[in-house]
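To start, the structure under review is shown below, and the notes come after it.
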Amino acid sequence: MTDCNRYILTAHCPGRQGTIDAVTGFLAQQNCYVLEMASFDDRDTNRFFVRIEFDACSRLTEDFEGFTADLQERVEPFQMQWEIHDACRQLPVVIMVSKYDHCLNDLLYRSRTGKLPIEIRAIVSNHPDLEPLAQWHQIPYHHLPITPVTKQQQEQNLLQIVSDSGAELVILARYMQVLTEELCELMQGRVINIHHSLLPGFKGAKPYHQAYEYGVKMVGATAHYVTPELDEGPIIDQIIESVNHSFTIEQLVEKGQDTECLTLARAVKHHAEHRVFLNGRKTVVFG
Amino acid sequence: MTDCNRYILTAHCPGRQGTIDAVTGFLAQQNCYVLEMASFDDRDTNRFFVRIEFDACSRLTEDFEGFTADLQERVEPFQMQWEIHDACRQLPVVIMVSKYDHCLNDLLYRSRTGKLPIEIRAIVSNHPDLEPLAQWHQIPYHHLPITPVTKQQQEQNLLQIVSDSGAELVILARYMQVLTEELCELMQGRVINIHHSLLPGFKGAKPYHQAYEYGVKMVGATAHYVTPELDEGPIIDQIIESVNHSFTIEQLVEKGQDTECLTLARAVKHHAEHRVFLNGRKTVVFG
Amino acid sequence: MTDCNRYILTAHCPGRQGTIDAVTGFLAQQNCYVLEMASFDDRDTNRFFVRIEFDACSRLTEDFEGFTADLQERVEPFQMQWEIHDACRQLPVVIMVSKYDHCLNDLLYRSRTGKLPIEIRAIVSNHPDLEPLAQWHQIPYHHLPITPVTKQQQEQNLLQIVSDSGAELVILARYMQVLTEELCELMQGRVINIHHSLLPGFKGAKPYHQAYEYGVKMVGATAHYVTPELDEGPIIDQIIESVNHSFTIEQLVEKGQDTECLTLARAVKHHAEHRVFLNGRKTVVFG
Amino acid sequence: MTDCNRYILTAHCPGRQGTIDAVTGFLAQQNCYVLEMASFDDRDTNRFFVRIEFDACSRLTEDFEGFTADLQERVEPFQMQWEIHDACRQLPVVIMVSKYDHCLNDLLYRSRTGKLPIEIRAIVSNHPDLEPLAQWHQIPYHHLPITPVTKQQQEQNLLQIVSDSGAELVILARYMQVLTEELCELMQGRVINIHHSLLPGFKGAKPYHQAYEYGVKMVGATAHYVTPELDEGPIIDQIIESVNHSFTIEQLVEKGQDTECLTLARAVKHHAEHRVFLNGRKTVVFG
């Protein structure tokens, strides 16, 4: 852990009386000063979620193992699953792209200027096109072309890159390949994708063209965790903007891409700040 | 025509060289002062649309028939279909409702306070519930209950009410009955409906419940012209707002209803100001 | 208290270690089930704020005095100021208006249809114009015309109406008179006002006309608590919308009034749900 | 002129009968096909504005001088000032920056990827910090440090760079120096600035800190033409976003900077597409 003095406790468990007190009582007893706290009790799924930011107390920094052992003892009766994160640590990530660079460019900029608490360890692409952008930012670029024959092997290579780089999140920044079901399940909750959001929902190829034919008055984007159901995983964030009849198909796409950048950046930020919890097919986001 | 001194010319025709000049040249020759003008040339559908607001010239007020005959002669070579509207006239409308009153209340308020250039000639409902609201506003209320047996007859009654009242637009302000295909075709471009807009698009019953299960982060509404394809007619306007995990299903619905009010009011306003043109399955809206 | 089974605890005190644990620990010990909780620790003002929604426990309903006495004992060392509210109770309010009715109409509608947890006990105005609207909703209307001579006395009459009606909040729904400094101080945190928000900030008379001259591209509204500094009290909410060069001054005003309705309704809702805390010249709003 | 086949005619003159017909009649007579047209007649300033996009006709490309001479003859009676622009030409610009790079980075990206029809001929800064970014994009970087003594001379150097590079627009992308009154007047309508928009309007140093102290619920940005009145020039565009009590001053600034990027990019785009007209202290923007 770094010399940063701030920590984040995230936890979830079945909803029942006393859950909040278990964690806040423990932190109080350990003299940890709570800075920000949010909790949510989902009556439908009967799950409780809590996120607490607090200043490090001496015990945590001097005896981390003892601290966490005591925490575990306290919350065990609640079947609580918890994590403690260093609030100042940048989340190591791998970004996957194809040829569109708008989301990649945006993530690189926000990361470089400290607006996004991530450390981009590697960029992986099924095309070579975006390597110069990676080079300027001095980030390793792996070209893993995909064919039906190579797909399985390339996903193994991807997993190797993720593992070697220590990445804890994979960001699909307009990566135009569908991941295999196995990979989706293996990486559950650790892969974020961005895709268009058009009203009404259009399926299949060329969604913007369909939306254009239909005369939509809004375009937007959805950021979600990847699941084996294509583009149907738990939603983290959505942004929508207005358009009108005078938009050409190119202008529609451009407006849509602006929303893709913003939506993906916001979703990644919330994830990296440990504000997002999976809750069945939904998410809880302490924004 | 009233003594208002402002007119609106709307016209559309196949797109070709000279269309704009035909109308602006005519108005110039007649000494009509153009106040506001918008045109659009759709290269895909090859249709030209124009809307011009202008001050009345003496010929128009003194010899309306001669004026329009000359206009027709000038634009006939372009196969132009045109209309001239008194800009200060309130559009006569009939509103249809069931039990939800949020849209009706909003339309009544905006009409009463001059924010919406419509004159509500009658309110038609398949339920008696909203009659007191109509009474306070001194608007005739027609209760036309619908059963599979009575549906055809009641639509005849509706047409009679529309005809007797001189209404030129029917507004479905959360009217929960599907109109028959015949009625939709008969009234093409003269019936505006409001329905929810949820991302991704949910079909079938209880859309808000589906959206809630799905964990959407946005809710909204679409106003559109009614066509035989249920909820798929040409879109006039859409408004979307953000929601989050803490919204109950009731709060989702409430937020959605707020957007329904605003979207419907805006669409009706644009229609009543002759800003909306049908363009195949799309619209052109000079906002 | 009614038979509703849900309560809200709000509290604030100087920020120090253990504040959250004090309240959550107490509720846990009393077997009160926490449904929703939000807290905020303002490092600048060194104030801690917390809002907890919880299901009633048997002790609270059977021995309310004992329950609150124990709570007070527990939180006294923190100098905590707290309140317990019945979550299902409608907040009694008095609305003040002049001649504009858009905000009043919106509040009446939302109150009547259960969208706003308030009970409008009286409407007070310095003009007689809006009495018919009050009558239809069967709400007492008090006409208190203001002149420099009568102002002091009419404010006494207002206080009497507030007191007699049991109102806990006064809503200035476009009330065009400035309250005296004495009244502002007496009612601190219990009077909400709505006023325009135009960029850049225009002072003085006819702000929309100034904004129009200036060519603003946005109009909006701010809801705030009233303080002796005119239109400068702690902000509860703000909403802004886009406009363009083609807006007439009338259209600017109309768009501005739409945002006034929405902003005021949202601020009142947050206040009535006990989500708003005064924090020096700012607010904390658990949205 | 390039081989692009599309042109834009912009014109303005005193408002009077026949203005539209003069330009559309001329284009019709020349067999130029009008694609998009917008006009506005400002009754307050009594100015007429029109923007027409049209396909090149043979005369324009083969005899440009004859074409424009005939146009001038036709519109002279209206005292019309007009320009014809090649719609496919990228506007040459110079960007000025200090140390903040968010707006520069955004403009570079949008320019490089064809989203903004500008060609960045040079970057000028009073600091050396952003030179590496310019180098990667292979754009000349001029470091012109400013002191009270050097200011006049450096503005001369700036004018030389603008002149040598052929730039037609100067973009102040968070350039933290005030331009002299002489420069503002010399470059009227050709310098776009971005600055914060906070409600209510804060003047003076550290505006975000003032806004933070004040507890604003929205932050935003205004793009405007530069005039001798500091930050008061004609507004081209404004964007505003919501914030809340939990935002730190850093988060306020970050959100504000996001809106600065978007607002500046949109204003530059509108200017480069010849959609913006000066109209006294306001603008007309055909969006």
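Order of writing sets the labels: A, B, C and D. Residues in every chain begin at 1.
Convention: contacts are C-beta pairs under 8 Å (C-beta built on N, C-alpha and C of every residue); 3 or more make two chains touch, one makes a residue touch a chain.
Since the model is a prediction, treat every value here as computed from it, not as a measurement.
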Chain pair, A-D or A-C, that carries the greater number of C-beta contacts: A-C
Taking each chain's C-alpha mean as its centre, the one farthest from chain C: D
Distance from chain C to chain A - Cα centre to Cα centre, in angstrom: 37
Between chain C and chain D, centroid-to-centroid distance (C-alpha), Å: 42
In chain A, residues with contacts to at least two other chains: 36, 40, 246
Chain C-touching residues of chain D, taken from the complex the two chains share: 40, 42, 197, 199-202, 213-218, 220, 222, 232, 234-238, 240, 242, 244-246, 279, 281-285, 287
Touching residues (chain side chain B, partner chain D) in the complex: 16-22, 24-25, 27-29, 31-41, 43
Complex interface listing, chain B residues touching chain C: 36, 101-102, 105-106, 109, 113, 115, 136, 246, 254, 258, 262
